[in-house]
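After this come two complexes, each holding chain A, first together with chain B and then together with chain C.
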Partner chain A sequence: MSTLTLRQEPPERLDLLPVTPLSLSGLSEAEAARLPVGTSRRGLTLGDCFSLSLDGSDTLTIEGGSARLDGVGGSLSGGVIRVVGDVGQRLGAGMSGGTLTVTGSAGPFAGAGATGGTITIEGDAGDHAGGAVYAAKAGLDGATLVIRGRAGDHLGDRMRRGLLLVGQAGAYAGARMIAGTIAAQSVGDHPGYGMRRGTILTGGHGALSPSFVATGTHDLVFLRLLARSLRTISATHADLAAGALTRYSGDLATLGKGELWVAAG
Partner chain B sequence: MRPARDRPGQWDDTWRQEPVTEMSDFTLNGITVVDTFAEAFDVAGTALIITNDTAKWAMIAAVTMTGFATSVIGCGAEAGIDCELSPDETPDGRPGVRVLLFGFEPNGLKDQLLKRVGQCILTCPGTACYAGVEGPHKIKLGGAIRYFGDGFAVAKRLPDPATGKARRYWRIPVMDGEFLCEDFVRAVDGAVGGGNLLFLGRTHAGTLKVAEIAVDAARAVSDVILPFPGGIVRSGSKVGARTKGMMASTNDAYCPTLKGRAGSELAAEVGVVLEIVIDGLTSRSVAESMRAALHASTEAGAAHGLVAVTAGNYGGNLGRHHYHLKDLLSKEPAAEATAS
Partner chain C sequence: MAAWVKGGATDADAAIKAAADLLAGARTPVFAGLNADVAALRAAYGLAGVIGASLDSVAAPALYAELGVLSRAGAMLTTAAEAVGRADVVLVIGSAPWDRPIVAEIAAAAPRRGRAAGSERTLLSLGSPSNGATRHVSYPVEDGGLAVSIAHLRAFAKGNLSGEAAYADLARRLAAARFGVVLYEPAEVGELGVEMLQGLVKDLNETTRFFALPIADPFQGRALVQLSAWTTGQAPRTGFGRSLPEHDPWRFDSERQVRAGEADAVVWLATLPAPRPDWLGSVPSVAIVGEGGTDATGDAAEVVIAVGVPGESAGGTLWDERRGTLGYRAAAGQPAALTAAAVLDAIRAHLTVKDLAAC
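Then we have the complex of A and B:
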């Protein structure tokens, strides 16, 4: 297992997008230490900020997190990255495979445009987790994003496919969703605002947009499949899917093929 | 009628042999086993898993879907029920049935698959449909049937907890809720159609009983179906006919009412001939199914008047898979069918 240990809080935001087990596997520690990670004219390198211990394996641990570590795992296509601590924005944004775990919290835009693999945030996530970055066509795009704690507003904004699982989410969860699945213990106001397709499963929600209509309770095979898929990640969410649910269809202000499943009673 | 077998030409009697029961063949459990082989063909095959809230309705859907599918020539496909599945064995945790479907080639199989799922599974209350086998050939299923949803159908991609890989389903609104159908199924390479055994008996009741026992044994092997009624066919056929334009006609050499004529294969004591036909996803499954049927039938044969067991072939020139009965005499699994 290769390890990067943060020496101290970085003096500026660091861009760790190119740092993956694969990219480090062909480099000596001296070569890896020269990788540029700074975002200012200071010219910080990986070795300036981290002490390196590389063994060429497909597992990389980053010890000592910071909210200034941006783009962690963004180019991950396989293997494992584990961050012990917090990370900054765009965690796993654009990743295509592998496993990315953060024991702390993440900044905004976690999982944006991620097409494969699994991202797990043990703590909280900022706004736009699984959402689209500005000017991007889609947010989460096939990956699985698990947020054990709270997520900010606009969770899964413009999400296109994949599975997004969260404890509590803020307002506009699943807004402008293209497709995909969000499972949350609770969401804030206006879930699914402007969603075209997709599924939002939640234990409770804030104000609901008037362009969602109740279709009643349904015992659909799809919910069985969803519950079985969620069971391997979170028993709580799986129980939610397996319980009594009321379905809302929307957003009828747009395509209207989305759905909001809310725990009944 | 079965695809023509046993005789390659029309009224070419030069191939005819002595009546089978007079040959010095093999003996298994006291029953004559003719030293011949079953000739079978490469076909396109796929499997579906059909689920429902109850086993009863899963079976109703499966039986309906596999109806009128005895012969690929006349029905477009050969289909049957492989096995029932417990809730633990199905993707959605409901009781299920695994059905197999065989056609001449993947395109024909696709056509039959869409028709049968569209008319028999989509229409059946509570039923859902999943791919039942892995294979190299993709056949779009839910992705084609979704058009019944008139634009209201939605696709959903979910990770399969068993494999971790994502599977894509179509959810089509119907009057009892939704019809859920996997986006595509797979057709396998190496599927075989036409493994067979012929049971030559003295009485109809006794021979039918032997054939039933053989069918039960053959069906106990996984990945095979016996597509004919109850797994048994009485109207074995040969290539061509005296009537112009007929592709196939009755297998007169095995018709007991035509005994005594030139070319009859039947000894005097044979009064009835029944056949079982086996299609499988693999050549080995067909061979093992034939082996199980051969042993079960001969074990019960003496008590039910069984005279001999033989097999149908075209002289070995048409089908790639030859299942020699002598290779099935041992209860141990044999090597794969020989390729000609």
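Then we have the complex of A and C:
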């Protein structure tokens, strides 16, 4: 297992997008230490901020996180990255495969545009988790994003594909959703604002937009399949899918093929 | 002209040298405000490129509510002149547009060109303040705010909701327009609301002609968008820390950078009036402000330089909202000794970049 150990809180935001087990596997520690990661004119390198221990394996541990570590795992296509601590924006944004785990909390845009693999945030996530970055056509795009704690506003904004599982989410969860599935213990105001298709499953919600309409309670095979697929990740969410649910259809301001499943009673 | 360093009055050369010294030692300098003429904005981008700074505008909330939608979903827009000349139905969203002269201009005229020529003009409003001066048909905003109200309206306009609700009536009026225009202020409506509104406009264009007319911010934001595009190919929140321009609306939000302790020097450029942020005093800062303005005082920043105000005590190219373009405005009175562009260029000439500490 290769390890990068952060020496101290970085004096500027660092861009770790190029740092993956694969990219480090062909480099000596001296070569890896020269990788540019700074974002100011100072030109900081990996070795300026981290002590390195590399063994060429497909598992990388980053010890000592910071909210200034951006783009962690963004170019991951296989293998494992584990961060012991916090990360900054764009965790796993654009990743195509592998396993990415953060023991602390993540900044905004975690999982943006990720097409494959599994991202797990054991703490909280910032705004736009699984959401689209500026000018991007889609947010989460096929990967699985698990947030054990709370997520900020705009969770899964313009999400296109994949599974997003979260404890509690803020306002506008699933806004402008194109497709995919969000499972949350609770969401804030106006979930699914402007969603075209997709599924939001939640234990409770804040204010509901008037362009969502209740369409009754249903016992669908789909929900049992959803419960089964969620059980491998979270029993709480699986129980939610297996329980009594009320269905809302929306957003009728757009295509209106989205659905919001809310725990009944 | 007037200049101050650490509260003490001084001459321009000393202030320019102090500003250069302050910026030379900065790791992550930030330009904020950017409410100035095009020459000053261009000089700011030039200096930012040399010192590896990022730039942000006081108009960013309005700009990004528009740009975010434009970059992903597109927009159907018209100009103020076309709205005044052709529209038979005008919907005003929110309260901000009512403070601008365009509403009164639209209300005072009737369509005289195009397919609605000769007909009466109907002024509608959604969430307007009680304004007795201009006759219009008012529809209330819903609890969720403008964005939610626009979504509700659009659901009726699409025919996905029906009934005798107020918004059903409003949707019928919009669909009956021959040339409709919706007027809004982007920051007030927000990005989600603007995207929903643009969607409504596109839906209405299935059967009639309907366009959006966003009100420009009052802080030269649209001039900045153009300058930023032709200078960097990017939108305004751009950084030069890695030499090449990088655009990141979250990372280069100047308030976030200061509050997170990332920015270690700020240049506040506002030769035209702009609300000075409360965080400016928490970082070593240089303020380049219009002479005679409320911020032209020694306590506005560590280094303060007062310069000519574009259109008043200096000539300059500014955004002309009525024409929807850039235009030159000559000095109306006695020209000031210094312009913002000249000061920024002088700072650049004095610059000696210091070595920075490692991690």
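Simple rule for what comes next: the second predicted complex is superposed on the first by the 265 of 265 C-alpha atoms of A that agree within 3 Å, B and C clash if a C-alpha of one lies under 4 Å from a C-alpha of the other, contacts with A are read in each partner's own complex, and residues count from 1 in each chain.
Here, contacts are C-beta pairs under 8 Å (C-beta built on N, C-alpha and C of every residue); 3 or more make two chains touch, one makes a residue touch a chain.
Worth saying up front: this structure is predicted, and the values here are computed from it rather than measured.
Steric overlap between chain B and chain C is absent once the structures are superposed on chain A; the two fit side by side.
In the superposed model, A:Arg13 makes contact with chain C only, not with chain B. In the superposition on chain A, contact is made by A:Ala253 with chain C only, not with chain B.
In the superposition on chain A, contact of A:Thr181 is made with chain B only, not with chain C. For chain A, the partner that touches more of its residues is C, with chain B and chain C as the two candidates. When both complexes are overlaid on chain A, the residue A:Arg196 reaches neither chain B nor chain C. Of the two partner chains placed by the overlay, only chain C lies in contact with A:Arg42; chain B stays clear of it.
Of the two partner chains placed by the overlay, only chain C lies in contact with A:Ala135; chain B stays clear of it. Of the two partner chains, chain C is the only one that A:Pro108 touches; chain B does not reach it. After superposition on chain A, the vertex angle at the CA centre of chain A, spanning the CA centres of chain B and chain C, is 130 degrees to the nearest 10. In the superposed model, A:Arg148 makes contact with neither chain B nor chain C. Between chain B and chain C, the smallest C-alpha to C-alpha distance in the superposed model amounts to 14 Å.
The touching residues of chain B, counted against chain A in their complex, run 51, 91-94, 128, 152, 154-161, 166, 169, 171, 177-178, 180.
Here chain C touches chain A in the complex through residues 27-28, 51-52, 64, 67-68, 71-72, 142-144, 147-148, 150-152, 154-155, 158, 160-161, 192, 195-196, 199-200, 235, 239-243, 246-251, 260, 262, 353, 356-359, going by the rule given at the top. Contacts from chain A toward chain B in the complex involve residues 142, 144, 161-163, 179, 181, 197, 199, 218-222, 224-226, 228-229, 231-232, 257. Within the complex, the chain A residues that touch chain C are 7-8, 10-13, 36, 38-42, 44, 48-49, 67-68, 70, 89, 108-109, 132, 134-137, 158, 172, 175-176, 189-190, 193-194, 207, 209-211, 213, 251-254, 256.
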